[in-house]
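In the two assemblies presented below, chain A is common to both, partnered first by chain B and then by chain C.
Then we have the complex of A and B:
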């Protein structure tokens, strides 16, 4: 039986939460919003037609894995990563790391996290947990979505690590390998902010960043023609609320986290103007939450006529407008 | 230090929830302070859309923000947990009054 001493903490999001938790337990004093901000986690992308998605969808954060990579580039923190073709080799490696007392993050399909009530579990291949112990039948897990350490059946974790489908985890594991003694936070924060502004404003692809929010605003009008029937449309419109508010923290939540990052950064790099940006970003998060609630109400009441779609579209155009203004001003300030 | 939430605050929260969700057929006094508000035996039976309505009503009324869904999940467990959250956030905003 192995139990690695580990300080568990809940977090706003599984990936930034598991990275922060591993770093904290390795002795680095860093917050989840700081990890999120330095690694330019804030993002937007709208996908109207993609092979892997049967209906249009969107993302409100950068690609899974990017946070860790960006943290390495900007703060010099190195992670050891592993993927496996053979599930048995993947299982053996995790057990070996635990035997060496190394808390290890694993990418899993959220559906198999059987300590979460069944009605909350859906198949998402990009959930992250930290494994901190093992006995004959169970792993001991730190999941940032849960208030305390939990036991997970060994077969559930093995299945979750090698689930198939879109963005399958392939047994992916990571743990910190090197943490610099003196991180240049000023440099890392400024790079994180600049790249966030670039991602939201300047990527020359019409469905990413603020352009993606505008495209979403235009295309949502077409959603009724893409849905099979009212029930299907209602389900897809309700999913806006789930993507924004429930899964992976959501648009409102990620915007609130970026606001907290700016607030903390203001003190760390002595840039008081960032406090005003932090307040503005909180308001932007509130605006996303209002949009999310509107979509949820329309979906729940099956109130999905053309005028309602237009209302949602206008709200999204507002979101695009305020984010365009916000990131343009932030970029000028930090330049 | 956070004070134990008052009975008045808990009653206020029950009324706020019922007004926000237009619930007219439940007596606020019959809503249990400790039983789960979502899917579990309380007089109020709420869903995830209701949760978002409540989060925003709490923010408007008490000027406290529940910024992420994990926090929301645990804050909105019961009337008691909502009241404790409001008291604790208020204490952070006005530490000199404690």
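Then we have the complex of A and C:
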């Protein structure tokens, strides 16, 4: 039986949370919003038709894995990473790392995390947990979405690490390898902000960034024609609330976490203008939350006629407008 | 968002929100999920209705248990095919009860593993008697409120131990 001493803490998001928790436990004092901001976590993408999704959906953060990669590029923190073709080798490596007392993050299919209530669990291959112990039948797991350390059946973790499908984890593992003594936070923060602005404004793809929010606004009108029935439409409309509030965003589709990052950054790099941006971003997040609560209410009341869809669409157009303005101003200020 | 506006009573699903504290500083607060705290009953009603409509189609022979679980678990044909390691054409055939009947037990096991159910559940629908009503085991099991029946894995991947409780008087 192995139990690595590990300070578990809930976090808003699984990837930024597991990275932060690994770094904190390795002795680096860094917050989740700082990890999120430096790694340009904030984003938007709308997917109207994709092979992997049975219904249109959207994302509010950058591509899974990018947070870790960007943190390495910008703050010099190196992680040891592993992927496996053979599940047995993947299992052995995780156990070996635990035997060496190395808390190790694993990419998994969220569906098999059976300590999470069933209504939350969906097949999504990009959940991150930190494994901190092992006995004959269970792993000991630190999951940002759960208040305390939990046991997970070895069989469940092995299945979750090697689930197939879109963004299959392939047994992916990582742990910190090198943490610089003096991180140049100023450089890392500025780079993180610039890239966030670029991602929101300048990617020449019509469904990404602010353009993606506008596309979502246009396409949500079509959602009723794509649903099986009213209950299905209600479910999908209410899922907007899950994606913006519950699915590890820290609320308001990560906008509250980004506001917190800007506030912390203002103090760290002595850039008071960032405080104003931080306040504006908090207000933008409030607008997203208002939108998501409205969607939940419409869904619950089955109030899903064309007028309501139009109302949601207008709210989204408004979000696109304010974010366009915000990121344009931020880009000019930080340049 | 102000900290006072973030409080939701939902111990079953806790989340972290970033909020404005009383001193104007932004930081994390642990609270409940808005949706689960307010609308979980609605989710469950829709889940029960969806399961029922799929079960009726399964029993009429219109769809197979592969389709039943695929829809319940919100998977697309492509995603399911990639997860079980079969071609889309083959999986598409298995959605139909006639072709499903030709599938090997080994293939059914692959589907069952993806759906995280015993392989025996690819060939049966379990209902529990609740008073005068029958309730679906699939939905009850998700809620972990099953009484009287338990399916336990054995070392033999193709055999489940089904424990049925005593009949209550």
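In the analysis below, the second predicted complex is superposed on the first by the 331 of 335 C-alpha atoms of A that agree within 3 Å, B and C clash if a C-alpha of one lies under 4 Å from a C-alpha of the other, contacts with A are read in each partner's own complex, and residues count from 1 in each chain.
The definition used in the following text is that a residue touches a chain if its C-beta (ideal position, glycine included) is under 8 Å from a C-beta of that chain, and two chains touch if they have at least 3 such contacts.
Computed from a predicted model, the values in this text were never measured in an experiment.
Visitor: Just from the overlay, do chain B and chain C fit on chain A, or is there a clash?
Guide: Result for chain B and chain C: clash.
Visitor: Regarding the shared-chain residue A:253, is it in contact with chain B (first), chain C (second), both, or neither?
Guide: first
Visitor: Just checking: does A:122 make contact with chain B only, chain C only, both, or neither of them? Give me first, second, both or neither.
Guide: second
Visitor: Classify the contacts of A:145 with the two partner chains as first (chain B alone), second (chain C alone), both, or neither.
Guide: A:145 contacts both chain B and chain C.
Visitor: Contact-wise, after the overlay, does A:290 reach chain B, chain C, both or neither (first, second, both, neither)?
Guide: The answer is first: A:290 touches chain B but not chain C.
Visitor: Could you say whether A:12 touches chain B, chain C, both of them, or neither, answering first, second, both or neither?
Guide: both
Visitor: Quick one: chain B or chain C, who's touching more of chain A?
Guide: C
Visitor: Examine A:268 and indicate which partner it touches, taking first as chain B and second as chain C; both and neither are also allowed.
Guide: neither
Visitor: So in the superposed three-chain picture, is A:221 touching just chain B, just chain C, both, or none of them (first/second/both/neither)?
Guide: neither
Visitor: Which chain A residues contact chain B in one complex and chain C in the other?
Guide: 10-12, 119, 144-145, 147, 238, 241-242, 245-246, 250, 252, 256-257, 260, 282, 285-286, 289, 293, 296, 300
Visitor: Could you list, by residue number, the parts of chain B that touch chain A in their complex?
Guide: Checking each residue of chain B against chain A gives 39, 47-49, 52-53, 55-56, 59, 65, 67-71, 74.
Visitor: Residues of chain A touching chain B in their complex?
Guide: Residues 10-13, 119, 144-145, 147, 238, 241-242, 245-246, 249-250, 252-253, 256-257, 260, 282, 285-286, 289-290, 292-293, 296-297, 300.
Visitor: Along chain C, where are the residues that touch chain A in the complex?
Guide: Residue positions touching the partner: 1, 6, 12-20, 25-28, 30, 33-36, 38-40, 42-44, 46-47, 49-50, 73-76, 78-80, 82-85, 113-114, 116, 142-144.
Visitor: Going by the contact rule set out above, which residues of chain A touch chain C in the complex?
Guide: Contact set of chain A toward chain C: 10-12, 17, 32-33, 51-54, 111-112, 117-120, 122-123, 144-147, 159, 163-166, 168, 231-232, 234-235, 238, 241-242, 245-246, 248, 250-252, 256-257, 259-260, 263-264, 278, 282, 285-286, 289, 293, 296, 299-300.
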